[in-house]
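Two complexes are shown next, each including chain A; its partner changes from chain B in the first to chain C in the second.
Now for the complex of A and B:
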């Protein structure tokens, strides 16, 4: 009992040390935890999958963050890019903050290491950094004609002249916008691109923002959502189970199926250790540490509350 | 070689920032100020190259579209924000900014209010829709202050408080997850990218 009361005055730096150990140990000694997928993430996956191999369909990835939220958002971006490259889906990328510009290149280059045949201007196109003040006019302009609204890409090429623009004109073709942000949930895209042009909007958000985004998910204004590291780990898992799966029946990846994903979880197939590329399992490795840290925090909360109530009852007895 | 050096510099700066957890110190302050300086130093030339050059310099001086001088001039008025006597001039570019806000009002009304209301009015088909119905009604009752929160009305508004507390709890839980994720990201960098200990 006295031990629990003493813990009330424990130096907080010991707690920091324990949290650090709870995170570092699972990184050093990785284990194959199960990754359960949820509907909001599966919806995004299925939408991207439905564009597979179609020259008149594309996705737009909007990078609205800087390096500070990379641990949560970067694995999502890598997973979506990997899915698109794996399934031959045309990808456009754009950012409206200067500090996001190098992150777009970093994400594309990370995935291209495994897909060296993917070419800029043919399979993907980086619109690059555009001033935030022009965001609304561009979002509205892309509803009419993307090549007029954006004009040039990050390499200074006229977008209208790029091969990737064949069969792509506006949101009818570029019909999925995934907004990755640490501070909003694609509000501008929902307000202008979805309301006015009916574009499908999905969000990759930091866990802090997830609670704010749920009303838009519930009303169907967001097609799907990846929330924090957990959302990223789910998409990684879906990539492994479907897009990257190759056998005689499915030479270019198999289509999404709820039964298959449930079966892989039940049978514990497609383990984290089966994936050899570190960038494609980074979120799942991180989730091992996340689970350990959460368990530790729950224990701290229980111990803290026990100590508080014991101290309170002791004070009452003394009175 | 470059990657090794950049990783070492990043690792050192990460440790400087983490040193704040022990106590405030000059290393932490150095890293903090360096971050602000580097961010600004990086952003200014990038914005100059990707905003000023293509949207101001090129159209006016190379494209001879002199009409662009008008918005450029209005934009320059922002600088008067720093002048005590002429700060009123900076309100003119703000007016144009507000026009964009005005344009968004009807569409925001749709996404933020009308669609949300329509969804809240959906028929109760399962336990989830019943909980949404109950939560919406009781929270609205809690925020109705023209009636005293006593008796049966008070009990319902209390249910609203519980719904809000659960909401705040979920939100806080997500916040904890986000902060831990950031720490994981940095430790993954230190343990994996710098020390190469993650297999």
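Now for the complex of A and C:
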């Protein structure tokens, strides 16, 4: 009992040490853990999947964050890019903060290492960094004509002349916008692209921001959401189970099915260790660390409260 | 005049954009195209303003040897060196700019953000107490949501992620929607006040 009371005044450096160990050890020694997928992530996956091989459909990935939120958001971006490249879906990328510009290149280059045949201007196009002041005019302008609103890409090429723009004019074709951000859930895209032009909007957010997005998920204004590392790990898993799955019956991956998902969880197939490319399992390895950290914090809360109640009852007895 | 001209610009352009939103006429569309070209030309000047401001603030600090002026030297050196690297060798993969991003900015920013985990753990241990009924509800909700977010929660029982999802979908959603409606109504009221020239604080004090 006294031990729990004494623990109340535990030096916070011990807490920091335990948290550091809980995070570092699972990263250094990755282990297989189950990944359960949820509907908001599956909805994004299915929408991207529905654009497979269609020249008149594309997705727009909006990078609205800097390197600080990379551990949570970067694996999402890699997973979505991987999915699009696996399924031959046209991808556009854009950012409105200068600190996000290198992130776009970094994400594309990371995925392109596994897909060297994917060409800029043909399979994907980086619109590059555009000043934040241009965001609303561009969001509105893309609803009419993308090549007019954006004008040139990150390599200084006229967008209208790029082969990727064939059959792509506005949100009717570039019909899914995924906004990756640590501080908002695509509010501008919901307000202008969704309300005015009917574009599908999805969000990739840090875990702390996820709670804010639920009203928009419920109304359908957000098609889906990847929340924190968990959302990223779910998308990674979906990529492994469907997009990159190849056999004689499914030479270019198999279509999404909830039954297959349940089956893979029940039979514990598609483990983390089965994936050989580190970039494609980073979120799931990170989830092991997050599990350990969450459990440690819960233990801290329980111990802290036990000590608090014992101390309180002791004080009452003394009185 | 110093206040009236900016006020007139805001009021006139504000109403024009309201009309543009609701009237899909060719004149309205042409105006928007013209506006797009102008804003593209104007926005780079904001970068100059930002750089000027940064140079003035930190330059003054260095000249006057103010407290921690050494940090200002680091800030300005980083600005000059990063910009130089970008202009000189480009920003593509394999350039010094990208090296700076991958080996300086990325680890430093991630480190700063990851400190949150340590503070949260410490705060949870030291301050997260069931002192009242409301605090107890908050504490239990936090434990369920934290467990529901990790694979272990679902491995224990499917009730944990289901309950976590219910907390996010029902009480959380209700509270967030209430806040969003309040903010939305406030934004409409403030916008109307700006359009009608009632709200003028954005013009400054003099």
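Here is the rule we go by: the second predicted complex is superposed on the first by the 319 of 319 C-alpha atoms of A that agree within 3 Å, B and C clash if a C-alpha of one lies under 4 Å from a C-alpha of the other, contacts with A are read in each partner's own complex, and residues count from 1 in each chain.
Following the convention adopted for this analysis, a contact is a pair of C-beta atoms (placed from the backbone, for glycine too) under 8 Å apart; a residue touches a chain by one contact, two chains touch by 3 or more.
Remember, predicted model here, so these are calculated numbers, not experimental data.
Visitor: Applying the touch criterion given at the start, work out whether A:10 contacts chain B, chain C, both or neither, answering first, second, both or neither.
Guide: In the superposition, A:10 touches chain C alone.
Visitor: For A:228, using the defined touch cut-off, is the partner it touches chain B, chain C, both, or neither? Pick first, second, both or neither.
Guide: both
Visitor: After superposition on the shared chain, which partner residues are touched by A:191: those of chain B (first), chain C (second), both, or neither?
Guide: first
Visitor: Can A:105 be said to touch chain B (first), chain C (second), both, or neither?
Guide: In the superposition, A:105 touches chain C alone.
Visitor: Regarding the shared-chain residue A:28, is it in contact with chain B (first), chain C (second), both, or neither?
Guide: first
Visitor: Quick check on the superposed pair: does A:286 touch chain B, chain C, both, or neither? Answer first, second, both or neither.
Guide: first
Visitor: For A:144 in the superposed arrangement: first (chain B), second (chain C), both or neither?
Guide: The answer is second: A:144 touches chain C but not chain B.
Visitor: Could you look at A:278 and tell me whether it touches chain B, chain C, both or neither (first, second, both, neither)?
Guide: A:278: touches chain B, not chain C.
Visitor: Quick check on the superposed pair: does A:250 touch chain B, chain C, both, or neither? Answer first, second, both or neither.
Guide: Neither chain B nor chain C is touched by A:250.
Visitor: Report, in rising order, the residues of chain A that make contact with chain B in one complex and with chain C in the other.
Guide: Residues 16, 19-20, 23, 66, 68-71, 99, 101, 131, 133-134, 196, 207, 210-211, 215, 218, 228, 230, 290, 293-294, 297, which sit in both footprints.
Visitor: Residues of chain B touching chain A in their complex?
Guide: 21-22, 39, 42-43, 46-47, 50-51, 54-55, 97, 100, 103-104, 107-108, 110-111, 115-116, 118-119, 132, 167, 170-171, 174-178, 180-188, 191-192, 197-199
Visitor: In their complex, what parts of chain C are in touch with chain A?
Guide: Touching chain A: residues 21, 29, 32-33, 35-36, 39-40, 42-44, 46-47, 91-93, 97-98, 101-102, 105-106, 108-110, 112-114, 117-118, 120-122, 124-126, 128-130, 139, 142-143, 146-147, 149-152, 154-155, 161, 165, 168-169, 172-173, 176-177, 180 of chain C.
Visitor: For the complex, which residues does chain A have touching chain B?
Guide: 13, 16, 19-20, 23-24, 27-28, 30, 66, 68-72, 98-99, 101, 128-131, 133-134, 136, 152, 187, 190-192, 194-196, 206-208, 210-211, 215-216, 218-221, 227-230, 278, 282, 285-286, 289-290, 293-294, 297
Visitor: Under the touch definition given earlier, write down the residues of chain A that touch chain C in their complex.
Guide: The touching residues are 10, 12, 15-16, 18-20, 23, 33-36, 38, 66-71, 99, 101-102, 105-106, 109, 131, 133-134, 137-138, 140-141, 144, 148-149, 151, 196, 207, 210-212, 214-215, 218, 228, 230, 287, 290-291, 293-298, 300-301, 303-305, 308-309.
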